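Once you scroll down, you'll see the structures, which are given as structure tokens.
Below are two complexes that have chain A in common, paired first with chain B and then with chain C.
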Partner chain A sequence: MSVRPARWLFVWAALLVSNAAVPAQDPAAIEAPEAGIKAAYLYKFAAYVDWPGNAATGSQAFVIGVMDADDVAQELERIVPGRSVHDRPVEVRRVREGQSTAGLHMLFIGREGDVRTALRGPEQPGLLVVTDNPRGLELGSTINFVVAGEHLGFEVSLESAQRHGLRISSRMLNVARRVVPKA
Partner chain B sequence: MDASRTVRLLACLVCIAVPVLVRAQQPRHLAGLSLEDLSLEQLAEIRITSVSRREERLAGAAASIYVITSEDIRRSGVTNIVDVLRLAPNLFVGRGDSNQAVIGARGQYAGTSNKMLVLVDGRTIYTPLFSGVFWDQQDFVLEDIERIEVISGPGATLWGTNAVNGVINITTRRAARDGKGVAVGFAGDFERGAVLRSAAPLGDDGAYRLYAKYRQTDERRLDTGAPAQDRAERALAGVRADWERGTRSATFEAEAYKALVDNLGGDRDMTGAHVLGRWQDELAHGSHLRVQGYYDHTERVHQASFAEKLDILDLDVQHERPGAAHTLVSGGGYRAARDNVGNTAAIGFDPALAWQWWANAFLQDEWSLAKEVQLIFGLRAERNPYTGVEWLPNARFTWRFVGEHVLWGALSRAIRAPSRIDRDAFTPVLHANHSFEAEVANVAELGYRAQVDSTANVSLTLYHHRYPNLRSVALAPEAGTVVLANGFEGRTTGLEGWAGWRPVPWWRLAGGFTVMNQDIHVRAGEVDVGGVGQISNDPGHTVQLRSSWDFGRAWEADVAVRNVGHIPNFDVPQYTVWDSRIGWRSARGLDVDLVVQNVFDRTYTEFGASGGRAVFGRTWFLKLRWQG
Partner chain C sequence: MNLLAHIGGSLRFRVMALVLATTVSALLLSAAGLVVYDLRAYERLWTNDLATTAEVLARSSAPALAFNDRRTAAGDLSVLKARNRVVAAALYTRDGELFATYVRAGAQAPAFPQHPQADAHFVEGGELVVLRRVVEGGEVIGTVYLRALFSPFERLRDYLLILGGVMVASLAAAAVFSSWLQDAVTRPILEVARVARGVMQTRDYSLRAPKTTEDEIGQLVDAFNAMLAEAGRRAEAMREADRRKDEFLATLAHELRNPLAPLRNALEILRVAGDDPQRAQKAREMMQRQLAQMVRLVDDLLDVSRITTGKLAVRKGAVELQGIVRDALESVRHFIESRRHVLELQLAPEPIMVDADRTRLAQVFSNLLNNAAKYTPPGGHISLVVEREGQEGVVRVRDTGIGIASDSMAAIFDMFVQLDRSLERSQAGLGVGLTLARRLVQLHGGELSVHSEGPGRGSEFVVRLPLGPAAPSSQPRAPAEALPAPLARRILIADDNVDYASSMGQLLQAKGHDVRVVHDGAQALETAVQFRPDVAFLDIGMPRIHGYELARRLRAQPLTARCLLVAVTGWGQEDDRRRAREAGFDRHLVKPVELPQVEAVIDSIPVSTL
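Up next, the complex of A and B:
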């Protein structure tokens, strides 16, 4: 018996050789779970944001609050020991809806979270709000995660950053998939 | 096997492989680097391994779902889909020989396991001939499988008739724009083969890959010592292209295959091809629309039995509208088939040429009652050519009672619609029964699932299936002849569970089990002459445990053990088998695997009547894989 694959593999071979001329790109073809990528982003974001006045200086910890995303909180808790942000140790705090966000520098509201309720009330200067919601920026957050195909990207609202007194570095804006300009 | 042809083929493969190998330069592992050490730009390039949002929600729904990941497949080292499906603890896999396999969940595997729905990228691969899957014609480029969702239990509302005891949903990777190729070659004392894949960008928003696979297996022996006549040779080639712009995405797939399989009753030749197109878009208010169509052609020739030419055209639409409290999933589909079975003296079909069509519509409401509680109600109406419209309802709940601990429950009704073998087939002694009904299952399930912490997860499901009208063999009016009937009733109660634990980053343990109790008997007033063994002939338990260990910078060791209980009617003894793999991964993209299956050479059989089932002994192969 014989499949005679050689004959029809030949067509395939011709196609392959023709496309071999295309140079290989290398976006590191690494795979990671979504929660891990989000946690890494959150930790990284801090380095690209300037907090107003002394909000993020001094010897106190840099506090990242996580609401409705236990998996991300867990990953963050694993990452931060021994690492620093703006020369300060990092602390991860799990926040429940309704709890005070005072003392936080960053607040991440997970996919299951209710962004509108969480951000009710007056804006808290110096709080970087990160969401994971299709309408996150419209609901008032400064950074919002977006899934694009197999990749996790983010979008930034300069308008929201301005309202919270935060400055976002242009390097971060270059990577953002969408930037909402200042009012 | 024609040796010169094999040599020529290998030479051809080597020629093709060269351009692929030339690109094998970039390292593709994290190699000690952590995610948090990457830049924002690099993070944006990382592929998400977990399933996408919508699918994650489906997977998080109230059902007994086990997901086989691409990493699980790689670590198993196996070369074919039947061995891959063994990784799911909620599946039973029984091979009659190297080609014939029965794969199912929650019992009734005997013969054809006709209560599982199997999909590949949304394409149904069960045959309307007997509503099971011809696993001997299914082959895959395993390197391009993204994940396999294995659902034990009914999934009829979302997936349709035949999703009675389970659903196997195979998803292949999107075509990547990175231009990476893969070349795999494996050879050992029982099998040999090769896989090639190349990929490239397509325009600004798209990418495509081309792939091919060839695999050849030798002959085994039967439990009686006679040759099993199960030598086989398979080849496939295909293309997949994906485009994505903003919220819109489109997919095109095409594949052709040929398989030549020796068989005890006569050789089998199979050829086939399919093309598939899918388009999805986000509409207003975050709602999501998916339209898919495919055409599938199969030709099977069973020497001395039958020859079939089957053409299927399938169209499918699904819409999902998420809301604060209610997410509505709705959809519909239409399928037409032309099935032409050449009648022989052994078996005939009346009519030999059948044009058939199916249609369905469904609506499911996922109601978030509170943040922790979700209720799901769904109903599907599906038309089949034999029993008309069947209703498939289900009601489910999930309760996230603390942290990542979820309790779920479900009540569903599923059916297996009659297939051609039930209604149209006849032999000298079997007369066609044109009034065979759809087999019904009424199912209750209760499950617990937890992500205990970042290192451990667990799932446990208790189920009870009631079957009021299973297939039996009744006496026909004419002396000496029989017909298929719905003369059995019964119930299956069981428990299935699994857990994964990664105590340290370099060691992972995964294990699972099923236990099952069946009570199937002839309904009052019915007469059966086929015996209950044609329905209830399943192992009472299965257990498996896998250990994956990384050592040094580049070495991996995997050990798996499984135990499958005694199969009563065939009298297949209980067996325990150990498989192993040693892997070496170079930083330059070359992987080397040494796989030994059945390490201790315990000769055993898996499924089928004595005199027809093959004996499996120790086999080994070396696999080289180059990616770059």
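Up next, the complex of A and C:
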């Protein structure tokens, strides 16, 4: 078997480059796989949730608001083009604290976000609030990301969903780590 | 049916075999059809079933795949425990990596395929594999893999087991039904067979098969019984005919024996009487009476055999009915007078012409008159009427005698039947007279009927004959008129019956003829050439040279060619007459030949041949 030196040389060079590149990455970049997963989950949640009549059919686009999680918003913006939720195009909107959430179908509040502040005021019917906070459900969100071991999971509050006039598919509940029942 | 014919002997077993064979073949055929259909449908149905299961699994496990939850996915797959034919299942991610698996308890884990192709089904190693994509929100997010037992032969085996059970049960039911049906079908037939055997063994034709149904078997039973009745009637009729024949034979023997004693006595008287002409004359008269009686009996006997062999024939010619009746009356007048009956005679004045055999019709009328005289107590009244009614000549013979019961009216025309057995044998006859009379009248195209008001009130016999051509001609009835003195002729008699030939020869010699008598054909030929007879009476059945051959040779000889040849035979059939004519005979006489017949022949020889 003849081995061509040029090929070995190429593989060796590639290994050197990758080793050198890892320490050079910034923290946000390291978190990128997790953000991608979260973005994908957000998108997938929509398929298992029924919005009340007007909220789902009122506007042209399905709007996902993202607060305090630029990396997730970035991933979402990368995923959604060409995709749809309930037969409607998906739009991603970055939302700052204090900004109106009117027109949103889903609001994701990132790990750093102040959930309590963000959810202050009257509840907005037809808004699915997803948090990434250990006390997210207690603070009033409907879906909350949790990390169990190596896997990203989520928990659901049916009580919150009821308050917002949303119906969560039982198929999704099967996969939830924890389900807070209706009041 | 040939196969059935070899099974068992009894109808019972054959019917049973028929029923069972029918049942088995019907079951086998239907089962075969069912199996073929089912095996064809099996793969399709099972594939569809498995695909549906895969579809359900795909839908329920979509969230687990979407949210990367292997535990839930494994849980979703584990519901397949309820499907015990599913041996293994798996979920693959969108990228084709194994996500969750399920292996039925006790089953060996199969080699799960790497990166399986989507939406497919195939049979692999006796197992059915189904692959289905998991689609959520229009996106493929994974693949379901199902593997299930696929064993049509196992199913076939199950079928055969069920079929076996069904067949055993069906055969048992069929056997029960068929033996139950025996009552309706075979029992009546077996009953007929039993009765048939009984009849064969006991000859008892009064046995009857019981009829239980109105169907074809009932008809068969009816027909069988009718045939039994018919066979019984015939057997009875044959017995009756046999009995009558026996009686007839006894009567015949008696009748033939009766005249012999007086004849022998008369011969003895003649021997001892010697020179007493008065006693000799009386003896001769007695012999003549007794002989006439015997001749009549034997003539009757010959007619009986002609009737039974269908050879009774008549030779018709135009004759006057009154003349025949007169002839008949002449022959019985003496008997009527001896019984002191009063005879009343009414003959139509104008001649009634019929186409008939004069001798035979005279025989009919004399028989009727004889019966009337016989069956009427002495001193009775007998009327004889001859008249014309339309196109028929009618002869009525009425008496005041014993009459006839209405139930035996038809039987009196049967052979050997005699009404009054109390009559003396000398009057009885053979019991063939009326049978013969009716047959003869029928041969003339007429009919003979009888009427009686009952026993003791007399009876009336009526003969109706169709009229013949109305040409009254000079009847050949007067050859005996104005007889000239007989001419002496040279006569040859050839007959192997020595007594007959000799006695006839002596009689003719006594009448002045020159007679030679021989007893076989060769002698006859020799004598004829030397003697050159005017007429030769030749028996047909002679030794050495028989009559036909003799006639041919005599015709061939110039010296004897012109001799009048007369054949003498036992049977006067048309065939015999034809053969005689062909051999060269001029005349034909039927035995027994008596003197008047012989003299008539001799007298007919033209004088010019002298």
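Going forward, the second predicted complex is superposed on the first by the 149 of 183 C-alpha atoms of A that agree within 3 Å, B and C clash if a C-alpha of one lies under 4 Å from a C-alpha of the other, contacts with A are read in each partner's own complex, and residues count from 1 in each chain.
As a convention for this text, contacts are C-beta pairs under 8 Å (C-beta built on N, C-alpha and C of every residue); 3 or more make two chains touch, one makes a residue touch a chain.
All values derive from a computational prediction rather than experimental measurement.
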Contacts for A:E34 in the overlay, against chain B (first) and chain C (second): which applies, first, second, both or neither? first
Using the superposition on chain A described above, determine whether A:A183 touches chain B (first), chain C (second), both, or neither. neither
Does the superposition put A:L152 against chain B (first), chain C (second), both, or neither? both
For A:Y48 in the superposed arrangement: first (chain B), second (chain C), both or neither? both
In the overlaid three-chain picture, which partner chain does A:R171 touch, first (chain B) or second (chain C), both, or neither? both
Winner on chain A touched-residue count between chain B and chain C: chain B
Could you say whether A:V85 touches chain B, chain C, both of them, or neither, answering first, second, both or neither? second
So, does A:A102 touch the first partner chain B, the second partner chain C, both, or neither? neither
Using the superposition on A, tell me which residues of chain A are in contact with chain B and, in the other complex, with chain C. 37, 41, 44, 48, 151-153, 171-172, 175
In their shared complex, chain A is touched by residues of chain C numbered 59-60, 62-64, 66-69, 72, 76, 136-138
Can you check the complex and tell me which residues of chain B touch chain A? 1-2, 5, 8-9, 12-13, 15-16, 19-20, 22-23, 25-26, 28-30, 34-36, 38-50, 52-53, 71, 174, 176-180, 196, 198, 200-201, 210, 212, 214, 231, 233-235, 237, 244, 249, 256, 258-260, 262, 267, 286, 371, 403-404, 451, 453-454, 628
Over in the complex, which chain A residues touch chain B? Could you list them? 1-6, 8-10, 12-13, 15-17, 19-20, 22-37, 39-41, 43-44, 48, 70-71, 74-75, 78-79, 83, 111-112, 134-135, 147-153, 171-172, 175
Per the touch rule, the chain A residues reaching chain C in their complex are 37, 41, 44, 47-48, 84-85, 151-154, 169, 171-172, 174-175
